[in-house]
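Order of writing sets the chain letters: A, B, C, D and E. Residues in each chain are counted from 1.
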Amino acid sequence: MAWQWFHKLGSPRWFYEKTSRWLTWFAPLSVALLLVGLTWGLAFAPVDAKQGNSYRIIYIHMPAAVLSLAGYYLMAIAGGIGLIWKMKLPFMVMQSAAYVGAALTALTLITGSLWGYPTWGTFWEWDARNIFMLILLFLYLSIIMLGRVYPVREAADKACAILALVGTVNVPIIYKSVDWWYSLHQPASIKLTGSSSIHPSMLYPLLLCIVAYYCFYTLSLILYTRQEILAREARTKWVSELVNTQSSHTKD
Amino acid sequence: MSQWEEPAPNELSISNLTCTREDRVLFTQLEYTCCAGAVLQVLGFNGAGKTTLLHTLAGLMPPASGVIRWRGESIAGNRSYTRSLFYLGHQAPVKPALTVAENIQWLARLRGQSPSAEELCSALEQVDLEAYQNTSCGHLSAGQKRRVALAQLYLSAAPLWILDEPFTAIDKEGVGRLQQLLATHASHGGISVLTSHQPLRLENLHTLDLAAFQPDEACAYV
Amino acid sequence: MSQWEEPAPNELSISNLTCTREDRVLFTQLEYTCCAGAVLQVLGFNGAGKTTLLHTLAGLMPPASGVIRWRGESIAGNRSYTRSLFYLGHQAPVKPALTVAENIQWLARLRGQSPSAEELCSALEQVDLEAYQNTSCGHLSAGQKRRVALAQLYLSAAPLWILDEPFTAIDKEGVGRLQQLLATHASHGGISVLTSHQPLRLENLHTLDLAAFQPDEACAYV
Amino acid sequence: MSEQSTVTTSAWRTIVARDLKLIWRQRTDVVNPLVFYLITITLLPLGVDPSRQFLGSIAPGMLWIMALLATLLSLDTLFRSDYEDGSLIQFQLSAEPLFLTVLGKVTAYWLTTGLPLSLISPVLASMLALPDGGYIALMLSLLLGTAIMSLIGALGAALTVCLRAGGLVLTLIVMPLYLPVLIIGANCVGSAVAGFSFLRELALLGAGLAIALIVMPAAIAGALKISANQ
Amino acid sequence: MSEQSTVTTSAWRTIVARDLKLIWRQRTDVVNPLVFYLITITLLPLGVDPSRQFLGSIAPGMLWIMALLATLLSLDTLFRSDYEDGSLIQFQLSAEPLFLTVLGKVTAYWLTTGLPLSLISPVLASMLALPDGGYIALMLSLLLGTAIMSLIGALGAALTVCLRAGGLVLTLIVMPLYLPVLIIGANCVGSAVAGFSFLRELALLGAGLAIALIVMPAAIAGALKISANQ
């Protein structure tokens, strides 16, 4: 019984139909959460004593950073499941997670640089975390690139899954080595406010933002995967039926 | 040669095989059984799926559906099947920087054989390359390069041969000799599956035309 | 088509040709003249020097000695000869990343032609690849890839065709069609020189067996 | 006359169009000298002292050296696939002289490696903390320098195309010829950073490009004719 | 039992022998990562301040970065010719598991790139005025590091073997994974130069090699199986 459920999970059609129903309430919810969290953080949280208003970028920056790392593992796990149980859906999730993850990593880097200008006086500093983020972006990009250049879809999926799995071993190693490299060089020129010392009135919106980012991440992953499903299953009967019914709806 | 003395009869059976390339069904519901001593020539127009079929038979590609059995066992993940197989594709696995003899040797070693000097010589003689033994393969003509790869057949003890267009670029006399070799292999109880657009002159030649297994319009795509 | 209307008759004459590969003489004192409307099949065992001969005829390689004349003029450094020549070698110059139509187009453009959409379509139809027009060539089978290269023949206005094993990997029906094309080319006064180990069924087919021009022992090396 | 000239430039145009299309299809060539450049520049501070001042002092030289290596990395493939599938023979037998076709290939190569590399260089320069004032010199010198290096590199690629492990002989052939370009280019950026005029270096690079444009296509065509018939 | 073990290692031995012979015949592969290494190290002082003190301060990082790039340069060819002429299919169908054959190829690769590169590194280090005390650390760390990088690189090569312009996707895949090796290796030399013990770094590299030896052959074999049937 349990296995039947598991294999259903691997069916793109099942996923598409199920998520169609979820999306009706999940999409508004996550967008609302995000809006509330960001407005609270960006507009209503108190001004920081040292950094003034520029610290507010943290509400965009930090959750994105946390998620881009978590997203990598999600991607790798999806790839692993696809490889082991030879299912289609996890591969699609993996590809979508690569895109969403790369976007989040890029967002972290961009907001970080923007934040760096008022605080560090430069857009880029060779700081351990920055380098790690940059490398993570490369890891994402390599998976996206590999997926795009492969001539055959199935092979591309498997190749990406192998790369993602090898990456899981490597990401912690990269993280540690970068950190370790940094400790050997001179210490940071600027110390950030540690998250422990953060004032609750700033912390609560941050927590809300993190939750909202998680929801939003799930939402974008689902949307991306649905698009991927339609693209890959375009020739199957159920998709063409779906397209037919939708186009007849729009005609009415 | 040890495999040949085994009691289980050589038999390759294909049941209900469907192969696809990028969602397009090439052929479907293919049923065929090759018994010991058969030479099977797979026919079909360009793009019919002959190479795909041979790849699938060699276990290099999983079929979309259906089962292939060797001596009654499915070939999926079957290592003993791999060992009783000799496959030669479109391309000759011949390194231009190595000499003819060296090329033959490494290919044989890879399959776990270590041919003696005499065996090597006789194989070279069979493919008419004695004079080129120490020539590096980059200096051979197209047909001679193919012959280096074909020399493996004279060394191989595998009961099942899968050959994709083995006659490409081979001259008339070479084609005749190769057909004779196939006949000998068959008479020892071996099986050969090959593709060729040329008609063959062999006694117990079976043909399999892939055109007969084309899918109907309705299920041309999975 | 403009070249065809020229007054000078198409004629390819080979006189006293000797070709060598790395000091070894492949054939010597080769004399032959192809007149307009001839199809010449070069024969020879593997390694006889057929490919070398065709390369020499195409002006890609200087001969060891002897002269090749086209319409009475030596071909060495003769640009108008290059323009009246179509050469297709062992390998098909087909880029896997481009689609079939794109491949045909760039090859034609390179020879200074710009085929219209209809010409392109009819050439594709002739080689049975209409359905694959927008497929990238990396996804074609071996024979289909060769057919992409062969489609050039239907677009070419060159009076002299030099084809190295054009029938490789082509199925029976395709071989028939190609022979028909060669016959048409000949009937328009064109000349084709080709190698093949298969016997051809053409009316005014001439054959040239390189085995007859082997050097004697004494002068096998230069 | 004009008919003649349209014919002669059409080989060039055909090959530029074909190669750009090929590269765009494979998509990787456009992005990847960039990616190589980006990644090697990223690796740099990991090996040495990452302080801004130190990085700034090595930046002009490093940006140029890494650009050179990035160009070198993809050179090997320039004529290889054309050689292997017989396209090179078609080039030789085409209606127009070989050097035009070759020029087309080099143009496409430069458009997809040198040009994007030069355009992205300011971003990387700012990561390496190149002092202000060096940016324009860096971009201009890279634009000219990569063009020269593409022409030189194509000669190396043509000479080694018939070798199996050509990529590495190539390095040996090409590097000494790249040296003057590197020295002038790095000096150009160096002068600009120091606040001097860098016009002389740019003029030198321009002159180099002119010479290379005159000499190289014929040399490359000759080299290809030799290699093609192995 | 012993018969079994001779059979299983014979694929490895065959391939090592074949590849070494191939490389020796072509002769260029042995020499050229070295040549590349030599030339890039020579280029370095042309781009930056050539005073001994300055060079000495960037030497550990640069020696390692250039070694990394030299290894990368020839990676592309690792499986390519085997893919193109169908040898890869023969590897898959050989009597022994694919990962042994793969291990054989990687061994031959390392023996002809990593090993000579490590052995020659002291000479280049002295050209870059590496302070005394760094030499042993440099050689040992390069020996271990190039072995790890060969294994990682082989995975990249296997994943991209069926792509036409694979050499550059390869860079993107491989570089981030090389990063920890580079950091630890450069630090190893750095510590040695500073007079500290570098055993910890060597131990880390050793551990990395052990992990890579366990994980990579299977991953490479998997990747090859996927790419071989395109």
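Heads up, the rule we're going with is that a contact is a pair of C-beta atoms (placed from the backbone, for glycine too) under 8 Å apart; a residue touches a chain by one contact, two chains touch by 3 or more.
Here the structure is a predicted model, which is why all the values come from computation and not from measurement.
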| item | value |
| --- | --- |
| Farthest chain relative to chain E (centres taken as mean CA coordinates) | C |
| Pair exhibiting more inter-chain C-beta contacts, C-D or A-D | C-D |
| Relative to chain A, chain with the most remote C-alpha centre | C |
| Euclidean distance of C-alpha centroids - chain A vs chain B, Å | 48 |
| Length of the line joining the C-alpha centres of chain A and chain E, rounded to whole Å | 33 |
| Cα-centroid distance, chain C relative to chain E, in whole angstrom | 46 |
| Centroid spacing, where centroids are CA-atom means, of chain B and chain E in whole angstrom | 36 |
| Numbers and ranges of chain B residues touching at least 2 other chains | 22, 90, 97 |
| Residues of chain D engaged with two or more neighbouring chains | 26, 28, 31, 35, 39, 46, 49, 81, 164 |
| Multi-partner residues of chain A (each touching 2 or more other chains) | 135, 138, 141, 145, 149, 151-152, 178, 181 |
| Chain D residues within the chain A interface of the complex | 26-28, 31, 35, 39, 42, 45-46, 49-52, 55, 126-127, 129 |
| Complex contacts: residues of chain D adjacent to chain C | 7, 10-11, 14-15, 17-18, 21-22, 25-26, 81-82, 84-87, 89-96, 101, 228-229 |
| Touching residues (chain side chain D, partner chain E) in the complex | 23, 26, 28-29, 31-33, 35-36, 39-40, 43-44, 46-49, 57-58, 60-62, 64-65, 68-69, 73-74, 76-77, 81, 163-169, 171-172, 175, 179, 182-183, 186 |
| Interface residues, chain C side, partner chain D - complex | 55, 58-61, 82-83, 85, 87, 89-95, 97-98, 102, 106-107, 109-112, 136 |
| Residues of chain B that touch chain C when the two form their complex | 21-22, 44-47, 50-51, 90, 128, 139-144, 147, 165, 168-175, 197-198 |
